[in-house]
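Handing you a structure now.
A, B, C, D and E label the chains in the order they appear, each numbered from 1.
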Amino acid sequence: MAISTVDLQAAAGEAAPTPRPAKRQKFRFIANTKTLIGLIILGFYVLLAIFGPILSPYDPDARGDVLLSPPTAQHWFGTTHLGQDIFSQVLSGARGVVYVGLLAGLVATALAVIIGVSSGYLANAGGEALSALSNVFLVIPALPLIIIVASILPSVSNTVIGLVIGFTSWAWGARVLRAQTLSLRGRDYVDAAKATGESTWRIIFFELLPNLTAVIASGFVGTVIFAVLSEITLAFIGVSDPTDWNWGTILFWAQSEQALAQGAWWWFVPAGLAIAVLGTALSLINFGIDEIVNPRLRNAGRIKGKSVRMRIGFTPVLGKENR
Amino acid sequence: MTDKTGEVVLEVDGLSKHFPVRRKGRELLTRKARSVHAVDDVSFTLRRGHVTAMVGESGSGKSTVARLLAQLHHPTSGEIRLHGKRVNVRGGRRFREYVRQVQMIFQDPFGSLNPVHTVRYHLTRSLRIHGNANGNLEEALRELLTRVQLTPPERYIDKFPHELSGGQRQRVAIARALGANPEALLADEPVSMLDVSIRLGVLNLLRDLKERLNLAILYITHDIASARYFADDTVVMYAGWMVEGGDSETVTQKPAHPYTQLLIDSAPDPDRPPRADEVGGEPPSLIRPPQGCRFNPRCPHVMARCKTELPPRLEIGDEPGHWAACWLYADDVEKPAAVGSAEVAG
Amino acid sequence: MSYLLRRIAFYVLTAWAAITINFFVPRLIPGDPVQALISKQRGQLNADAIHSLYVLFGLDKQDPLWHQYVEYLGQLLRGDLGLSFTFFPSPVSEVISTSLPWTLALVGVTTVCSFLLGTGLGVLAGWRRGSWVDLVLPVTTFISSVPYFWFGLIMIELLAGPNSFFPSSGGYDPGVVPGWDIDFIGSAVQHSLLPALTILISSMSGWILSMRNMMVTVSSEDYITVAHAKGLTDRRVMLGYAARNALLPNVSGFALSLGLIVGGTLLVEIVFSYPGVGFQLFQAVGAKDYPLMQGIFLIITLSVLAANFIADLAYLVLDPRTRKEG
Amino acid sequence: ACGGGGSTAKGNADGVLNVGMPNGPQTDNNNPYLSSSAANSLGYKNVIFEPLALFNKVKPTDDAKPWLATKWDWSNNYQTLTLTVRDNVKWSDGQAFSADDVKFTFDLLKATAGLNHNAIPFGDTTVSGSTVTATFTSPQFVNEYKILTDTPIVPKHQWSTFKDPATDPVKDPVGTGPFKLKTFTPQTVTLDVRSDYWKDAPKVKELRYTSYTDNNAQATALATGACEWAFAFIPNAKQVFVSKDPAHNQLYFPPDLAGHGLWFNTTKAPFDNPALRQAINMVINRDDIFNQGESGYFYPPITNITGIPTPAGNSFLAPEYKSQDVKVDVAGAKAKLTGAGFTFDGNTLKDPTGKPVTMTLSDPAGWSDYQTDLEIIKDNVSKIGITATVDKANQDAWTKNVDTGNFDAVLHWTDGGATPYQLYKSIMDGDLYKPVGTPGVNGNYGRFQNADATAALKAYASAADDAGRTAAMNKLQKIFVDNMPVALTSASNLGGEYSTKNWTGWPTNDNPYADAHPTLPGALDVILNLKPAA
Amino acid sequence: MAEPLIEIKNLNVDYGLGDEAVHAVSDVTLTLNRGEVLGLAGESGSGKSTLAYGMTRLLPPPGVVAGGEVIYHDPERGPYDVLSLTNTELREFRWAETSIVFQGAMNSLNPVHRIGSQLTDVIKAHDPRSSKQARAARARELLTLVGIPSDRMDSYPHQLSGGMRQRVMIGMALALEPKVVIMDEPTTALDVVMQRQILGELVQLRERLGFSVLFITHDLSLLVEFSDRIAIMYGGRIVEQAPAKEIYTDSYHPYSAGLLGSFPALRGPKRELTGIPGSPPDLRAMPTGCAFHPRCPKSFEPCATDLPVLGVPDVTGGSDREVACWLHPVR
């Protein structure tokens, strides 16, 4: 009201260099506390993976004099039947677990996405072939196959384990994605993209994929957990990188020495919990994915510290004092 | 450039599309597959620098025709010719080659924009794919948006579809099709959600493009008045059939087919006192379309023949090129030869 | 009709590919059943026994691999799965038929329960996004990220014991003779509680997670708003509209997991000494018991394919848009 | 299996003995000659089918107890066996046992290579009355145990009806033993005592064999008392098992004449150097291996320098080695090495060519006791400047590597028998030698080549008298000590875990009348000796 | 006669919260009388849909109702504010009292349910005791009402044409015979015959059942023909409202006049269409004063600075007209 001279042109919005309206907050999903916590935990694990071996107070292999001792000031997580320091083993073991888990998760998710979405979208023989491929992989029981593959290979490194897990566990995700793609491919916007002249792979990756992110995200979380569990299971039944520690190796030793029966809970518990916390972190991160995936879910937020819960179908009414 | 005006871009000949209907338990035994006869024996041409309007009943197969032309559906029979060459592509490079020349604006802007992409993405893609970004993408984007009166462009460029009103979405869809710089544009009710003033702007824009770039436009609409103003030719569809065609002014001012007459009569007009006699009747089922002329159950002028024989296209004679598929205009002496060949669907 | 035929051909082809892989892959493992047996016995089997074992297993004459393969396919067509090495000379079919019911009962019931529970919780978690129900997910993921053998062992340690209600291993009490009587069934149920709980808890969060994510995606669709506008009860909107549409990926997942039931849950069966197929398979892999491995792979293959087929059909029923038209 | 306390309480009152083995679910197969049968893997074949005579494996030099044979004689340099079979023995289906059954059994094994698991070279067998005369194509001194004790006699009247005895599961086993099959489930097999057994009726009225899926389940069952007798490796058994009921839970693990040790690849430098092998043998801490790896009970340590387990093998020891025990002697080892041209570069051992000595110790990951042992050895050899790494190989890959000689050093077992012959044979027999890279070795995994050793082994097996055998055995010991192809660390055992809560009369270290392994023939003797606890 | 049914008072609707919020509807005051058809027209993007969804609290996030009241005069329970209903009350209120046809009607059907079941479940939700047959019969009746052969009951939405889907939604809106029907561009995909037929049906029904309609459309001729009163929105505000005929013959607000000058006539000679120059206002950076002034051919001083309020203009004639324009100062 105070401004009396208004540039008509500017008001019409023709020439006015209006500031780029509310630039998209790319990282706004971090604002979600749950996601933040998840990211922090994951970051912590990644740090452990990088620095764990350096941080460990003892050589995880080194035998000590204190056999099977409960946690003490010297040995935070106690010792094994050979007097090895379990805390050091857990620290050193993080690398293998995180590396294998993420590697396998990425490989499997990538394969699942590529094969699943393509086989769902392509209505031709190629699609059928891909779908057959995923069926074949689906029927080959993963764990025995991993055991078998691992035993064929001359040496089993973490990379190999990760790849093997990744290459054997994508089929499930592919199948689910395929099914979901089948129902997406009839959407108008897919047709529209096609009619615009998008190439098939672009439609798959840029039109369909973002709409599948929810499925992919849960698939990824699932696969990483599955990969970590597989790795640990493998180590538990004796297939692991011989030069490296991972939590499965710890559990392997604990189990073969019957730690629980001996009352050596400290040998058994930390590794299991560490895995569980990793899984939880991933599922916490998943919460933030909603908002990346679905632009319509963004913005639900707070106004001056007071949180307003946006609910579809029940639009919030702000109290008059908010105006 | 201009000398190309009138050149046929797309030609449709005897196009039909039947959608199979799923049989349910009991019907599985009878083994007779049913289908929706969405489009039957449709023929017309799109010429450079011409706008062909397609009006008609809701559900009469207009969108299906557009989708067939865009190669998103594949015809049950009949053919589509682009520059005289028959096309039936299902994907790949040939398909992209085709869409470079033929673009489609979808009827439903709520469905045809990908909810996860911004306006910028949609438009950028269309520009990029067809190599129309030419250096300054930002500039091209701004220009596209300004063309469809989404101004200031900055305000819309980074929005997601759900943040736009219906009309705004429709304009994004138009802009997307324009970004490809096609030869033929299939516009399926492109302006139905725009207010009249913007609608006018957009139609003027299309007309301008048509004239400058020799665009061939198929303009599907329910707004017959706009067809009159904007289109050179108009065809009328009823229950999957083309029932009348001719230049727009004639079809709208001197409709020949009883359905067209009904259509024109029904158009809202504030100047005209509301009529008392509403023509009733229900649109026909496309699964079991009526025998003979599909309009016969509702037609005020129905004759015995209408119930058995399918009328061929008959010249009206008042204006060149004006025709209607109605026995009213049959010269009784010469029995149309086409009747025999037109299969009576049932 | 031709669609159905095409599908059948497709499945037959897939089955053949899977069977072929299942035939060759195990044979790539170095070693043979006899060596495996000797290693397993670690010296308790005299070196002299080796020859007799080769003769016994029919491994003394070296058929070319492709020959064995053709023979195997022929056997399969005749419905003969061969003789198991580990349980020589019991036919593979017999070995499997003693362990399959256990697995089917334990894993089958728990899979169904876990799917129902998980999906139900997922529906809630997705629907009430942003409320306290969000907590369900991290908590269940926490539990399910625990390796389930670990979880099982801890449960045995904590819950099972000499005087506990929960037995720590086996499928039924040693004294009980299997049969359809109350004693046996009671004992079988009692023995299945802990393993079932382990599987349930550790597999549920997957369902929750995927269901929740789909719910979140679906709940921003227009038709949900319309459903609200229609004044339908919250339950109806949640179940009939949102969940119904969000269910699709989970349904195919579920069908798949039904197919995997017969594969058993290896480690749970190992940890709880449960007499199921998973354990059998594990043993077979260790013992290079090709016929048994192949037999188990075969039933897994067939049931997964069947489940897949069901998943396809379920999708057709559940999602009209995926039906092929035109 | 080990359900609540119920089954434990029942134990004695009903005369039930609960036996367990950690062998996984079983199929209904009672063929005593198939190692895959339930009868074999749980061991109940021993109480159904009986041997001709029963040797005590714990004291291999003791005379055997006559069983189905009342007496036997070897002649023709152990190539002819003359037996007299017991009369008044009845098969469990009521038919009389006769010499024909013995002949039938021998002929069956001769004709069916698949069943002849001890590879006994049977010749012709004849019967006259209750006397059986069996011939063999080579001297059988070293196989006496296998023929007399490890050859269960089967009924002709039943087995001759089998189409293919080698693949017959013998669903309805008929034997001369004190028990007969009552019920079979994949998890538990129950046997009833026979009323018409030819010896005194056993006190145990019912035997219940439970198959646990693995050692852990087995250990739990033992600890809870659900299982009263088993053979399984229990880490820290003292705490996990014994301490649960110190008064009753017993470990009885007498050594056998078979060993476990670190096999060197004797063709591969620098392990082809006996001095290095001897030095390594000198630094291995067998006590740690016994106490940490083998939980202080499972595989008793081999202390004698000859690698012969004691006390079982005491009588075979050559006088010069009788009291030569290996002790950890780092200084001595170093001296030995430097004497042989090795050098020390600081803490690193270098071989005579100047290369640092490193070694990869490998064993399958699943064998946790071996793995622990390797960790200990790795630690031990570092004392003499050797850098070792432990490779937890996949079992199949490992088996293949051992088979083709592709390794530095592995922990592996040897064969065993009633004399140290089998042990030495499997280590040093040149006839078993296959060059590195050639698979199919059956012993001599270390690719040891020594003509003297091969000759001595032959001499032992075919010696005409004890003196000849003693000479050959002493020679073998000397060759072994001088070459140390395997650093033997532990003896095999014949033991078991048992509980005296309900049953007493078990063999003990003080009264080692039999071995205590539920699946070995001695089990029969043990079961017949059990009495209800007071 | 003019008995108010819904009174919207100073309704404000925003997208987003705090400073980033877009004020899509500002200070709208509008009354829907019992039994009348109120047409709402206006610029595309001017907030018509937002107003309709805002007053029924159906805005998708991040939409929020930032203030105002929506008083519903319930014939039985007396007036109450829809904006302060609890969720349960709101659910009961919906469809039974106010039904709504969404703008994207073609998209607002659930793709996995047959249209028949989508029709019946709303009946079931509000009248759980009705029999299944009765519901099916009602659904069939509704489909016929909107000109869809009842053999399409078992079709899935994707098997219907755009117009058919719209008609299904219209039919659904009438299912419970509500007091208010809000229709947001319900006939964009309908041919004029069908449109006329359905609207005719609607008008008849309205006369019989006495409900009111809030009709949003861009088709002014349609509005003039079918509605009693028309309100014109521009930039989030109502700029004019008047009886239908009057606005057509004599509109006060220059924007309304511009609109009327833009639509093509079907009959008679083709006339020159003028359109409205300039472009729609930016809701984030609204011009001061009258939002239309930058495009207004008649703008003068106060327009640029002072916001004209909606009120009965100071001219002779009916007092049932309101306009927000400095040309027609409020009486």
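Here is the rule we go by: contacts are C-beta pairs under 8 Å (C-beta built on N, C-alpha and C of every residue); 3 or more make two chains touch, one makes a residue touch a chain.
These numbers were taken from a predicted model, which means no experiment stands behind them.
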| item | value |
| --- | --- |
| Least hop count linking subunit A to subunit E through chains in contact | 1 |
| Topological distance between subunit D and subunit E, in contact steps | 2 |
| Farthest-lying chain, centroid of Cα atoms versus that of subunit B | D |
| Between subunit B and subunit E, centroid-to-centroid distance (C-alpha), Å | 28 |
| Computed distance of Cα centres, subunit D from subunit A, in Å | 50 |
| Centre distance in Å when subunit A and subunit C are each reduced to the mean of their C-alpha atoms | 23 |
| Contacts with two or more other chains, residues of subunit C listed in rising order | 29-30, 156, 220, 222, 225, 227-229, 319, 321 |
| Where subunit D touches two or more other chains, by residue | 220, 364, 395-397 |
| Touching two or more other chains - residue numbers and ranges from subunit A | 13-14, 16, 18, 21, 151, 183, 186, 211, 237, 255, 261, 293-294, 296-297, 300, 312-314 |
| Touch list for subunit E against partner subunit A, complex | 12, 16-18, 20, 53-54, 57-67, 83-84, 87, 90, 111, 158, 278-279, 281-282, 284-285, 287-289, 293-295, 304-306 |
| Of all residues in subunit B, those that touch subunit E in their complex | 19, 21, 24, 36, 55-61, 63-64, 107-108, 110-111, 149, 151-152, 155, 162-168, 171, 189, 192-201, 204, 222-226, 228-229, 252-253, 262-264, 266-272, 274, 278-280, 282-285, 287 |
| Touching residues (chain side subunit B, partner subunit A) in the complex | 67, 70, 72, 90-92, 95-96, 99-100, 103-104, 106, 108, 111-117, 125-126, 129-130, 151-152, 154-155, 158, 160, 162, 173, 176-177, 180 |
| Interface residues, subunit E side, partner subunit B - complex | 15, 41-46, 48-50, 60, 103-104, 106-107, 144, 147-149, 151, 154, 159-164, 166-167, 185, 187-197, 200, 218-222, 224-226, 245, 248, 258-259, 262-267, 270, 273, 275-276, 279-280, 282, 284 |
| Complex contacts: residues of subunit C adjacent to subunit D | 29-31, 35-37, 39, 42-53, 55-56, 83-90, 94-95, 98-99, 156, 161-165, 167-175, 177-178, 187, 190-191, 269-270, 273-275, 279-280, 283, 286, 288 |
